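Sharing a structure, written as structure tokens. Questions coming.
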Amino acid sequence: MSSGKTEILVQFQKARAASRRLAAPLTDADATVQSMPDASPAKWHLAHTTWFFEAMVLEPFSRSYRVFDPNFNFLFNSYYETLGARQPRPRRGMLTRPTLEQIHAYRDHVDAAIEDLLRRETSDRVAASIELGCHHEQQHQELLLTDILHLFAQNPLRPAYLDPAPDAGGAEPTAMAYENFAGGIAESGAGDEGFAFDCERPRRRVLIEPYRLADRLVTNGEWMEFIADDGYRQPLLWLSEGWAKCLDGQWSAPLYWEERDGEFWTMTLSGFQRVDPAAPAVHISFFEADAFARWSNRRLPTEAEWERAAEPLDVEGNFVESGLMRPSPATAGQNGLRQMFGDVWEWTCSPFSPYPRFRPAEGAAGEYNGKFMCGQFVLRGGSCATPQSHMRATYRNFFPPDARWQFSGVRLAGDADDDRR
Amino acid sequence: MSSGKTEILVQFQKARAASRRLAAPLTDADATVQSMPDASPAKWHLAHTTWFFEAMVLEPFSRSYRVFDPNFNFLFNSYYETLGARQPRPRRGMLTRPTLEQIHAYRDHVDAAIEDLLRRETSDRVAASIELGCHHEQQHQELLLTDILHLFAQNPLRPAYLDPAPDAGGAEPTAMAYENFAGGIAESGAGDEGFAFDCERPRRRVLIEPYRLADRLVTNGEWMEFIADDGYRQPLLWLSEGWAKCLDGQWSAPLYWEERDGEFWTMTLSGFQRVDPAAPAVHISFFEADAFARWSNRRLPTEAEWERAAEPLDVEGNFVESGLMRPSPATAGQNGLRQMFGDVWEWTCSPFSPYPRFRPAEGAAGEYNGKFMCGQFVLRGGSCATPQSHMRATYRNFFPPDARWQFSGVRLAGDADDDRR
Amino acid sequence: MSSGKTEILVQFQKARAASRRLAAPLTDADATVQSMPDASPAKWHLAHTTWFFEAMVLEPFSRSYRVFDPNFNFLFNSYYETLGARQPRPRRGMLTRPTLEQIHAYRDHVDAAIEDLLRRETSDRVAASIELGCHHEQQHQELLLTDILHLFAQNPLRPAYLDPAPDAGGAEPTAMAYENFAGGIAESGAGDEGFAFDCERPRRRVLIEPYRLADRLVTNGEWMEFIADDGYRQPLLWLSEGWAKCLDGQWSAPLYWEERDGEFWTMTLSGFQRVDPAAPAVHISFFEADAFARWSNRRLPTEAEWERAAEPLDVEGNFVESGLMRPSPATAGQNGLRQMFGDVWEWTCSPFSPYPRFRPAEGAAGEYNGKFMCGQFVLRGGSCATPQSHMRATYRNFFPPDARWQFSGVRLAGDADDDRR
Amino acid sequence: MSSGKTEILVQFQKARAASRRLAAPLTDADATVQSMPDASPAKWHLAHTTWFFEAMVLEPFSRSYRVFDPNFNFLFNSYYETLGARQPRPRRGMLTRPTLEQIHAYRDHVDAAIEDLLRRETSDRVAASIELGCHHEQQHQELLLTDILHLFAQNPLRPAYLDPAPDAGGAEPTAMAYENFAGGIAESGAGDEGFAFDCERPRRRVLIEPYRLADRLVTNGEWMEFIADDGYRQPLLWLSEGWAKCLDGQWSAPLYWEERDGEFWTMTLSGFQRVDPAAPAVHISFFEADAFARWSNRRLPTEAEWERAAEPLDVEGNFVESGLMRPSPATAGQNGLRQMFGDVWEWTCSPFSPYPRFRPAEGAAGEYNGKFMCGQFVLRGGSCATPQSHMRATYRNFFPPDARWQFSGVRLAGDADDDRR
């Protein structure tokens, strides 16, 4: 086997093993229920990522492949019109069968077929499709975690997915400072080399005016000040549609927060926990992030501003591999930008739009990103639930402005010479 | 132990064992998912019936009883305002924990406590409460089956709860004939002796005009004629609200029916099966039953008419104990009324209203029936999913007129001298 | 012209003139807007009642009749499937054209044609159809008033349809007493003679147990006691579906009531007025009436009980002709049952069901009542918005249990020997 | 009076007179009904624009001003949180009172007060506020027309607001050609001089890549080809959310189109008319525009591309003053870009976002645009319902991507060297 193929094989096996590991604490029932239309059952994530390899790699490229179950194309296709009819998204939770065990058998079947194909097949297209499948699987690993958290948060018993890590304990957050960046024509987006999703391409020129970026994320302690200052009750701080959501959803704090005897508690993957004032605020919608920034006399960064600042940095931070699975306080004593990668996805003020000359990928993979370029905002940097190898400076995540169940938070930005405050 | 107490103990143990038996074919996932707000998860049925004994018997009558889990009162209270706040009905399916195994432990805990109480306690009130709990459990046994059928019908894999029984095979339904009944003042409702729900009491005098009753249930074959004659497309056959439901729900056949290559198939507890023309039509709403009767130049019976005809009969028929779990054709060669008990619940044209001088039971049990006396219609006779010992001639079941997921069907009635047709 | 024909002509002209008079205070805009799907614009009432004569009398019986506008059958058919497609009910308020003036021209056109037909035609069927049309028109006169009240109540300016009458002024309501009635087999329903809607027929035998009936309506003052005693906050007083509506609609008092500085005010046809404690409570749903009765340790009467008590009485009371257009206090010093006719429609506990051997009228008129016999409750006695000549002891009005915008109120009933309280 | 003041006065009087003129063909009923939550009654437009002068000019700047009616602030405030509570938007159509006549009296009252203030007051802030009010009024003039069209389209009688102009008659649309534009850093947005809305500022630098722009609008004829080629039935042409809307709304042609005997007809301000293949397609949502562009292997222009092309052009075209009130075919024989101004608003692919360093206007006017910068797309160029003096190259209109009731259409764009097709 060539070294390129070996690399892909290792990447594949790692990605597949990681999913299985993340699902390990779940019962069949945990893995079956869908807690809202935006979330999917863990079992569905495990099967859908497997189906992705079946439909995008094995079906087109392996003549000898025998489909595991012909019904699964209907059950586990997510939204690919090119690949046929499918179980309606809000009804993914009806599938008590196949069982979790059968899903694992499906995974084994497809794993063996992919490994076999990799041993036989050398084409770049196959390798590229498998690589896409691995990154796809990593995306669903994060969703599996956010969706389980949402499900467990609906249960009055507040089950814990994870044993709580020992508390960092009373860390003081460092004061927020701003890094300055010059303006000019920059390049942003992924170049031709290496893996990237189609929406990160083509690399483009972009005109940036001088700006500044906070050196750390907004903390829970700062969010409590926003609450105490009636941030959730002043319509003038909010976008009109955001204010409507705030009223309608009776928002008064980030998702999962609850006040008990004057203290804030929140649901985490380690169960119900006291909110740590030093840790980054999380489960924040774009609407809240935007209101918070306005309250702070600041704004959210554009995605180009964020990317320019992140490009020189190493992709290091609090990722899923830390096992913590919650955002943690910025380390004091460090210089410059911190928490750019990991901890929480950072909302930008950029609508998710195509880069100039964007062309969707060919075939079914062309439905991966392009058709969602409407009504969503870009988030950058990854979170405590993201696999580290999945992240890069050009990575564009996107969610609707009212989505709160992701590990999403806020880094403030400003114009270079704006001295309001 | 007195013989009365022994009887109750036997009744209790039978009822509890039956639930466990019915749940045996289900996985934890099957037992957890809620397929619609009207249905409940099997696990919830198993726990709620247990909670009923805890809240209605052990808490008030057993000083030594220790609650299994203090959260369960919130999780498994159905609708008893007297007994505190509860998990909202449409969100019963969020409870992936406790697991099915834990629910069984809960059942064991309560079973032991009830048996212990029965050994120590002799009061009639305790005995009456336990008896109520047993009948309550039997009701939920039927619901467990109808709810599982509904859940499995949502799954494109069409899982079978039960191995299909050998086909009765090509039975010819007997021709429908009518039994005539004289008019007069009759008594209906339960007397003071024996178990009955509060809504069956007090026994009342009722004035009945001469009437006739079909000697068997309406069959699938007759329903196919109704379909073929555009029964689902003629608004004049329908109540106004029923027609709106018919359009809105795109009804064109009983629930679960599907046409494939010119033949009707349907979902059953034994999986997807061909519709048997000789068997009673089932999964019929009141609206459809009423439209069918109008199309037949007949009407549905009143509950008093039905009860008067049923009172002299033995409570025998195709009940859950037959293991068939689907309605079966009327046996030819038999005289008089057939299928009055078992097979399918029979819609009457009587709204579920209180009998004169109705008083709800005391305490929390007073919320059992009385507060639902609005907007529902009475069904009589039990079904193939009802335990035989649960049924009697005075029994009043009730569902909203658009409910279709129960084992409900139609027996036609008419005025004595109505010779239309 | 025969005297029978002359009578019909007079009845026709009176009914038509009354509608015009009731519409006189309305602008074209007032007469066009639909304030909720259950209400209709005044203009629509004026046109629909005219269309009724066109479709039920002129089209079938007058060869020489020329339709005023062929579009009007679509615009002004209410719910007669027999008579073709129609403007969807919730969109009746979109019809800014034809103008009110054009509707009046339509009325004149049809009036002339009916009068012409009456002069030429002698058949009983024509006379019966015109009579039905007159009663139909009277029903819509009441609806026109309740619908205008609802519309004006949506307007923060609180316009008055009517100049307020001088206040009755501080009347003390008489104490509530009960009249006793013996049980037995009674007859109820309309006989063969005289006008009645099909649903009042055929006259039937009914078995009544001894009962008692309050001698006057429940007053606003009594309703305030119910409110003060948390009547709107105690689920155990309510039917389950009623309690859901109460929570959902945030009910805390009768429709239109508002508390200002510790006093209750309400919207009336004479604008915003202080609630008179001595006057009958009005704009009460069945659910509220039922909860109030339970709180009072009483119940609502059955329709047979009500009718039996009303049959010997003259049809006299506070009808629309008084010009007051709101319920008024029971006159003291009078003996026996008061306010049985007029003031407010009285909710009974009887679901609107067919009488034994009910047959809908022939032709399109068969859709008038029969198809609504599901999910509604019967009200008796007429209101301050009902034309006096429209009322009789056998009259069955019906509305869904959550309807509040009608002039509906409560008379309590009880079993003969029930001495709870 | 200074010449600056005279200019403002003339502008004011013109704007006010224009509204009155546009409302002239409407009855009080036409002017009262609200056909959907997104539309407002004409009467409301007339009153709201008047209230705007009251709240933004007279209240802050005129000490002697006496409010016409203190209720009107509640009734006619649109969405200004700064200015207090208001009638909920979807219930604007409940206001049958005040009458149209009273609204005109309100207008006269405010007109006199503004004219009086202008005579007395010289400050720039007053002048600026009045100017803002005039442009605000012009926006509502266009909305009044689109909302009346929508209302009349709901009426099966299909009333005409306007007498139809003589048909242009069989014009052949010119072939579509493309103008090429070089790339580079351009400036876009309004400079400091002259009137502009806050969202057009500050003028900004923008990097543009070489592009091309169609020299005319897409025609109805071309849209018919899109329909014939199953454009409304191919999910791959659509954004995901657009496809959901297309299915949900059963879209199969532009809004108001109806097929009759193989020909397309449509609702216009001149009533129901045959669709002219040579005229620009109109009543197109962003989703349809985007799908059409994808089908054409083209794309929509960015707003910067559009503005750059429009800047050198005179603001001339088919505006509301032509009296035609519908888009008309591009004139042949003309060179270069046509129809850039007037005819139809042109969807761009730019989300409505703030320009760098955008600051909302001060005070209540700050709620005018900024709070809507989420989930909407920018349209450029004005329409056949826009006042000519209201338009300029920097003007940014914005609507949600599913809005269809505006006069919105499509101009195609492409990258400079893209030779797909």
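Per-chain numbering from 1; labels A, B, C and D assigned in written order.
Basically, a residue touches a chain if its C-beta (ideal position, glycine included) is under 8 Å from a C-beta of that chain, and two chains touch if they have at least 3 such contacts.
In this text the structure is predicted, and so the values were computed from the model without any measurement.
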Partner chains shared by chain A and chain B (touch criterion as defined above): none
Chain A and chain D, separation of their C-alpha mean positions in angstrom: 38
Whole-Å gap between the CA centroids of chain A and chain C: 59
Cα-centroid distance, chain C relative to chain D, in whole angstrom: 47
Where chain D touches two or more other chains at once, by residue number: none
Inter-chain touch pairs (all): A-B, A-D, B-C, C-D
Residues on chain C engaged by chain D in the complex (per definition of touch): 27-33, 35, 71, 74-75, 87, 91, 93-100, 151, 154-157, 159
Residues on chain B engaged by chain C in the complex (per definition of touch): 79, 81-82, 185, 205-207, 209, 235-236, 238-243, 287, 290, 349-351, 353-354, 356-357, 367, 371-375, 401, 415, 418
